[in-house]
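In the two complexes below, chain A is the common chain; its partner is chain B in one and chain C in the other.
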Partner chain A sequence: LKTLHLGSCMITSSLQAIQSGFSEIQDRQPKDEIIDLRILRKTQPLQDTKPAGQCCLLHHVLRLYLDRVFKNYQTPDHRILQKISGLANSFLTIKKDLWLCHVHMACPCGEEAMEKYSQLMSHFKELQPPAAVVKALGELDILLSWMEEMD
Partner chain B sequence: DGVAALPAPQNLSVQSTNMKHVLTWSPVVVPEEIIHYSVEYQGEYESLYMSHIWIPSSWCSPTQGPECDITDDITATVPYSLRVRATLDSLTSAWSTLKHPFNRNSTVLTPPGMEITKDGFHLIIKLEDLGPQFEFFVAYWKREPGAKEHVKMVRRGGIPVHLETMEPGAAHCVKVRTFVKAIRRHSAFSQTECVKVQGETLPL
Partner chain C sequence: HIAEDTSDLLQHVKFQSSNFENILTWDSGPESAPDTVYSVQYKTYGETEWQAKEGCQRITRKSCNLTMETGNLTDLYYARVTAIDAGGRSATKMTDRFSSLQHTIIKPPDVTCIPKARSIQMIVHPTYTPIHTGNGHRLTLEDIFQDLFYHLKLHINHTYQMHLGGKQREFEFFGLTPDTEFLGTIVSSVPTWSKESAPYVCRAKTLPDQTWT
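Now for the complex of A and B:
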């Protein structure tokens, strides 16, 4: 279990379990050959978000994955379905913890966080829904490595 | 269409000990026939965001026994709904759903097994290997009035760990409990075991 420090918000998360679930999905997915279409990768690096805005940005990004990515990912592969369920339920747990920070005023949404999130959303909307979902899922490693650095 | 010709499995329940979770149900009996079962689950995410979606369990879609190891499916600390149905050739029963969703934070945590040995004056402990989710909180002390209790966190079971160098002629005692970070809970302490450098293990 890893402790994530997001400004004045602190949560714990089983990042390792999430990472291994995502790795299994990657192993079963065709390699993403379309490199000129990007979402997280084209957004200003999440890594240099100021600590104060990290909680808000992460909360919004998780909501994007929960509301629009996991939900709309179509696959006949039961194994991938099982792994996505694991990811989604783990993200849901993290989102609930972030919400508690929000309730306790420890998750402010500053200009920088909102600017990055709107940039990210515009990239997401540039793509057709099925492609955006596959692309966003494929780029989860960027989100996980950002979270990994939050200690 | 034979959907409800087969009775649905009854008495679904989950037995969970040390983060191993097994779903059981009463078998559907049709003389001289082999019944198969399919198990599916929904985490909190599925029930909130896509309630029509049920996910086939990793090991029991299908299965013959009236039980299913769902440990690999329960991968988050959220409530999970579970359902089972029976099939016999083209006949399929209705789904039976677990009455109350299962959350892994309700698992029963038992005190871990431990093996205390001496290597010369060295006190060595080897803990039961319960899997990667378990850490061990080991308390040890010299049995004498006012003795200070020492503590050591052991990250993995199954490997010998040196606790301390013992004083000749003094009894040294150990007790241990498990801790599971994923659910933020620990077990009760084990029985205390003491050992004396020249003597045998002294049960309390």
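Now for the complex of A and C:
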């Protein structure tokens, strides 16, 4: 288990298990052919966000993955669907912990976090939905490396 | 006009990375002639321009060192090779997305084994990578992978082994029989990225015990 320090919100998560789950599907998912565009960009990483806003930004990104990526991912391969469901459950667990921080007033959504999230969403919306889903799923290793740096 | 299939000129374009030394390699195709020349380009994922790799334009060898060009740990990269044969036929193939953090393999650690009369000390030396910080400081594997740790085994006999492990660099196996040869293996491990090096192997013979002569 890894402890993530997100401002005054502290949660634990098994990033290694998520990384392993992702590695198992990485080679079997459709290739992201759009290599000139990146959704999770270096200009909006979690770790460069002010600590106070990190919890909120991560919460919103996880919600994006849950509501618009995992839910809309299409594949005939049920094993991949199983793995994606496992990833979604891991994200749900983290999101629930972040919500507890919110309840305890430790997850404020400041201007910077919301600005970064809206930029990220605009990159996501630049693409057709199916392509955006494939790209976002392919960028899960980027999100995990952002989370990895939150110790 | 039917496009000629030239995919037989070039295959297996991929990065091979160990300790963050990132080498692009490829194979010629079954039909390609020895005088086929290759040119390499690389790009950062999310950007539009491809960059020509100086020193790897119209080469005949089948590898190109892209360590410096792919050295930013937060970036992901692509590379592509264009093969052109004497007849002017050409083919271009691209790598998968490359992340050095994810794809690099860890080499065995560099260890000095120091035998004493009743113990063997093992000192793991830092492993420097080609990665530099902004102010020119060269990073070690330990700097990059915060959870890197070492796992040491000393084979006492066919059935019995002693184990030590941790993030520190100095270890010592105690309680050994003097004037006896032992086999030690040391492995580097990074749980977060599920990486584990091949073992460094050292043979050491404990010294004769002078205290009782």
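Everything that follows uses one rule, which is that the second predicted complex is superposed on the first by the 146 of 151 C-alpha atoms of A that agree within 3 Å, B and C clash if a C-alpha of one lies under 4 Å from a C-alpha of the other, contacts with A are read in each partner's own complex, and residues count from 1 in each chain.
The rule is short, and it goes like this: contacts are C-beta pairs under 8 Å (C-beta built on N, C-alpha and C of every residue); 3 or more make two chains touch, one makes a residue touch a chain.
Predicted, not measured: the structure shown is a model, and the values here were computed from it.
When both complexes are overlaid on chain A, chain B and chain C end up sitting side by side without clashing. Once the two complexes are overlaid on the shared chain, A:Q128 sits clear of chain B and of chain C alike. By the document's definition of touching, neither partner reaches A:S118: not chain B, not chain C. When both complexes are overlaid on chain A, the residue A:L1 reaches chain B alone and has no touch with chain C.
Judged by the touch definition given at the top, the superposed model places A:D141 against chain C, while chain B stays out of reach. With the two structures brought together on chain A, the opening angle seen from the C-alpha centre of chain A toward chain B and chain C is 80°, to the nearest 10. In the superposition on chain A, A:K71 makes contact with chain B only, not with chain C. In the superposed pair of complexes, A:S85 makes contact with chain B only, with no contact to chain C. Closest contact between chain B and chain C, by C-alpha atoms in the overlaid model: 7 Å. Interface residues of chain A, counted against chain C in their complex, comprise 2, 15-16, 19-20, 23, 31-32, 35-38, 41-42, 45, 138, 141-142, 145, 148, 151.
The residues of chain B lying in touch with chain A in their complex are 41, 43-46, 48-50, 55-56, 58, 61, 72-73, 75-78, 181-182. Of all the residues in chain A, the ones that touch chain B in their complex are 1, 12, 14, 17, 21, 66-67, 70-71, 78-79, 81-82, 85-86, 88-93. If you check the complex, the residues on chain C that touch chain A are 43, 45-48, 74-76, 78, 96-97, 99, 101-102, 146, 191-194.
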